[in-house]
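Before I ask anything, here is the structure I am working with.
Here the chain labels run A, B, C and D in written order, and each chain numbers its own residues starting at 1.
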């Protein structure tokens, strides 16, 4: 792996994380190269970088998962390093190895660490060796083995992609009849998402908390921890609200979990930024997995520890030793706003960005790629924006989150901001009674505000009346301005 | 003065500070009432509040300086408190007294403290009594007295509005011949701005640093300091870049200045948030004045001390004791982006907001009222946006500031973002060689980037060609969308 | 006019008497006045449930997108001809619940299926969703094919309900 | 065409041969190619000085507003009739350097003034600016009055230069 000062960085990703990495690189005086699929040519990350290279068609498998196209783009652009972001190729050991072989600096752990961390079975064994408890489980895609495991631990059981992460490819199986079809679907999804169809089965904990530890390791064998994040609020086993610190664990458990995370990361020879995930069930905690990359929710740690984790990644990749973090301060909460319909089982949504208002104010940070006029499609993950609120305590962070969500507006794409507002404003969230079941329980009784729905119906009728003369949107993008063709309407005051 | 929990707050101000106060109030669950002049009916602060009341015509004297209209609006709206923001009536003792007489809570010091702090002569005498050094000076608007003072201290001398603040009404007189006209103009400006034509003369220090201390006092006589701010970068004696901490003073001087600030504030019986300003000249420091209000540059203190100064103001106004602040952390820099032409002596500018891009990213906070479609006029102060960058050290804050200024775009109004970018990226700023003369020296050698100017000329020609068919802007605001009438052009790619 | 809110499926009967401000309308028969205040960026401040909220409404194609603060709603006008007396389920139409890709079609035109039978699997953002028959039916038409990208609301299948009492083969 | 950049007063002679991308033009006689990439929000990414910068150009009235990154420029087309050979100062025109209010007019039509004589005081954002005669002149016309609000570029006075050698009264 190349080392030393990084001068030109290719970001092998898209969306908010591509912009976020570009911003740190720019502040550090590092040139940036964006890559983009055909579907993303008009996306802001392409415009924001110093250079931008097309890498293939819309399908991720042929673009953002296309190792050789990405490495070729890096070489053609004269980049000396590649930041993989999260998702896509970020935890792919073969990619990391190919990047290094091409003489480029991979901003992440070395290939062998990625392989070790990505091997769920091996990681579990390692955890057991260093004395960290794990949830009972086994690797298999075989129905008979799965039946035996389930018979031993009892239903429900969990099916996970062995190469997975980010909640994708996870299924809960409640009864034996579902086991066969679930294994089949999970294997197919795992193959599609990670190019690796291997599965892993685990005992299902009823209502655990999900707690994870941010770590950074350097090439000199030093690993530091930057506190924990509580990520219990999930839908489809994917986090949607995260915070730091966790309001639901004792100081003793926090200490034990952080100690376990550092022990594991050290044992695996971890380098660069990563996360060790745990489930907390009552007074017990269990190692879940190592996420060998920057996490979506890294900003809550940045705010508490007064650091820039992407800058840390670049620094340790360039050979600098990791520094002891300062004492944490305050409380940070992140809400992920997705292009989904919370009123319909979080179904994916898509559409044009017709109107946009991004919240701002003291303690508010919004990481997003949203911009007026872009189209949100369905090719990739539906994360639209991360609203991160910082406060001197949890209550201030929570109140700032709710007020900022009220400021968030995006018309044209169904999104989850109003639902998140409901969660954050709830008594149960205020009391920090969190578990991985919270969202599925909460969404059952959540309704869109009735007043807003009625007002919306009236505004829709006015818009429909006004639209008689409205210009329809042309098929090509050659209109003089995207705003002229929206058919948006105004309700003019007479003053 | 009324006391206890505040339920509904009227903000007697406009622009970014009105929005900033509304945001804190909202997070605290306090209802808000905006006021607006005829010129401001379409401004975002009017839309953001829970209630909005017109208070008069565009002229500030008849609207934002109209005490009785504002107090009537507060009573009519059922508000129980008034936040004055900065400028306008914020340091007006008569207004504070009238607010209290109307049974409303004034979010600021009591009238008698405002009067004492606002009396520059009295404040100087107080400083001398508590042993804080002051710049030699005298109160007068009389030419003969001024001549005598100047003869004693030597030219240049400074003329200030006795009731002034924020750099307004300050003149430097270099020679006796200028003294008469300068006194006349300064008195007229002081009368117009503060409704008080009294003047104050001071010895002029050649290249001092401007350092100020944030204080908060409660009704129980406790005053705490929240560090210092370096505000040396000024044009027309008005700050444009501020930072905390100051990189140019020793720990010993920092301690002495903070001690002096607390002693002065305590001696004057200070309550609520305020600032004690000093000039630092070599190894000496001199008391300048007390600003008995929230300062424009308060966010740099908020970021370092992990606090919300508006929340502190509301809390101490409601009768809570002030709390000891946490230890400060990191470094924060604020750049004020004005509607001014830095290439022409910072002449005020105006115009429509045709295109807008607000910077974002780790450590970046932007306080602004800018929104697409609004018109920037000349009735009020030309502050458009405050870009505040936080970093773990000065270097990170400075680099983030420069990168964020590169992201700032506003078309239609000449503004100072590119100039500020030049300052922040300069070697001299990086070395923190700051003084109140920095800007006037820097602007002499600063040029708009030649490449950008040439490209702009070409784009202007394309726009002019394309505008043959462009719709001109209608006189009224009844167009279907402001975007349809801008005559903006695109340069379409063929892909 | 009649509008359907796509997420809830709820129908609204709205007649606008005055486009405002304030907007005067009847909503499902009840008179309603909605205070509005236009903003320079095309949005509107409305007074709603005792609060002032920013709203924006825009039409694209047949969809009317409305935001009221952070809430989003999408409406479709119900054509007058199919309006009030819209017949129940003579020809039930299976539409795409989300934009995405048709992954697999498990039935063929002419098939008879029973309730709960999986008909079609869609994929969006790497998540699979399988749509099933709500009652016994015959597959009349399948205008899409596997691999095809479809918009939300696109017709995936037309079905004819069949008498559930009548015995039927699975395929 | 000829364009004047208002802040610097600098004139540019630009002929656009192809509106792009890339834009092909001559700038003050030199050929120039400007790579552009349209954005969905109406902006354009240009390659400029080795960097990629976001730019936006829009015309309102006679002003052409252009942003290139954080830099702002305002241009005015110079009418062809007054173009190349624009005569020096036969009728110098005093224009408002900023939008604001005319505070005080210190001269009257017909007055003869010497160089440096204060003519008019404007106020904008509480700051006063006094404009003075650059050379000896006679005041031909004053189309504004005290108290009036004016836009930047508005004509405040027309002056006829007079021979500085010739003796003259101050008023």
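Definition applied: contacts are C-beta pairs under 8 Å (C-beta built on N, C-alpha and C of every residue); 3 or more make two chains touch, one makes a residue touch a chain.
Keep in mind it's a predicted model, so treat the numbers as computed, not measured.
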### Task
Write down the chain pair with more C-beta contact pairs when A-D is set against A-C.
A-C
## Note on the structure
When centres are defined as mean Cα positions, the distance from chain A to chain D in whole Å is 51
### Centroid spacing, where centroids are CA-atom means, of chain B and chain D in whole angstrom
30
### Euclidean distance of C-alpha centroids - chain A vs chain B, Å
39
### Query
Residue numbers in chain C touching 2 or more other chains?
37-38, 41-42, 54
### Message
Touching at least two other chains at once: which residues of chain B meet that condition?
### Response
406, 477, 481, 483, 486, 488-490, 492
### Task
Could you draw the chains as nodes, link the ones that touch, and say if you get a line, ring, star, complete or other?
other
### Message
Under the stated touch criterion, can you name all the chain pairs that qualify?
### Response
A-B, A-C, A-D, B-C, B-D
### Message
Help me check something: in the complex, which residues belonging to chain B touch chain C?
### Response
42, 47, 49-51, 371-375, 477, 481-483
### Message
For a test of understanding, state which residues of chain C touch chain B in their complex under the given definition.
### Response
37-42, 45, 51-52, 54
### Query
Of all residues in chain D, which touch chain B in the complex?
1, 3, 5, 7-8, 10, 12, 14-16, 19-21, 23, 25, 27, 32, 34, 36-38, 41-44, 46, 48-49, 53-61, 63-75, 77, 97-101, 124-129, 149, 151-152
### Query
Mind pulling up the chain B residues that touch chain D in the complex?
168, 185, 188-189, 192-193, 236, 341, 343-344, 347-352, 354-355, 357, 377-382, 405-415, 417-418, 420-421, 448-449, 451-467, 470, 472-473, 483, 486-494
### Query
So in the complex, which bits of chain A are touching chain B?
19-20, 23-24, 26-29, 41, 299, 302, 306-308, 310, 326, 329-330, 358, 360-368, 392, 396, 399-400, 402-403, 406, 477-478, 480-481, 483-484, 486, 488-490, 492, 495
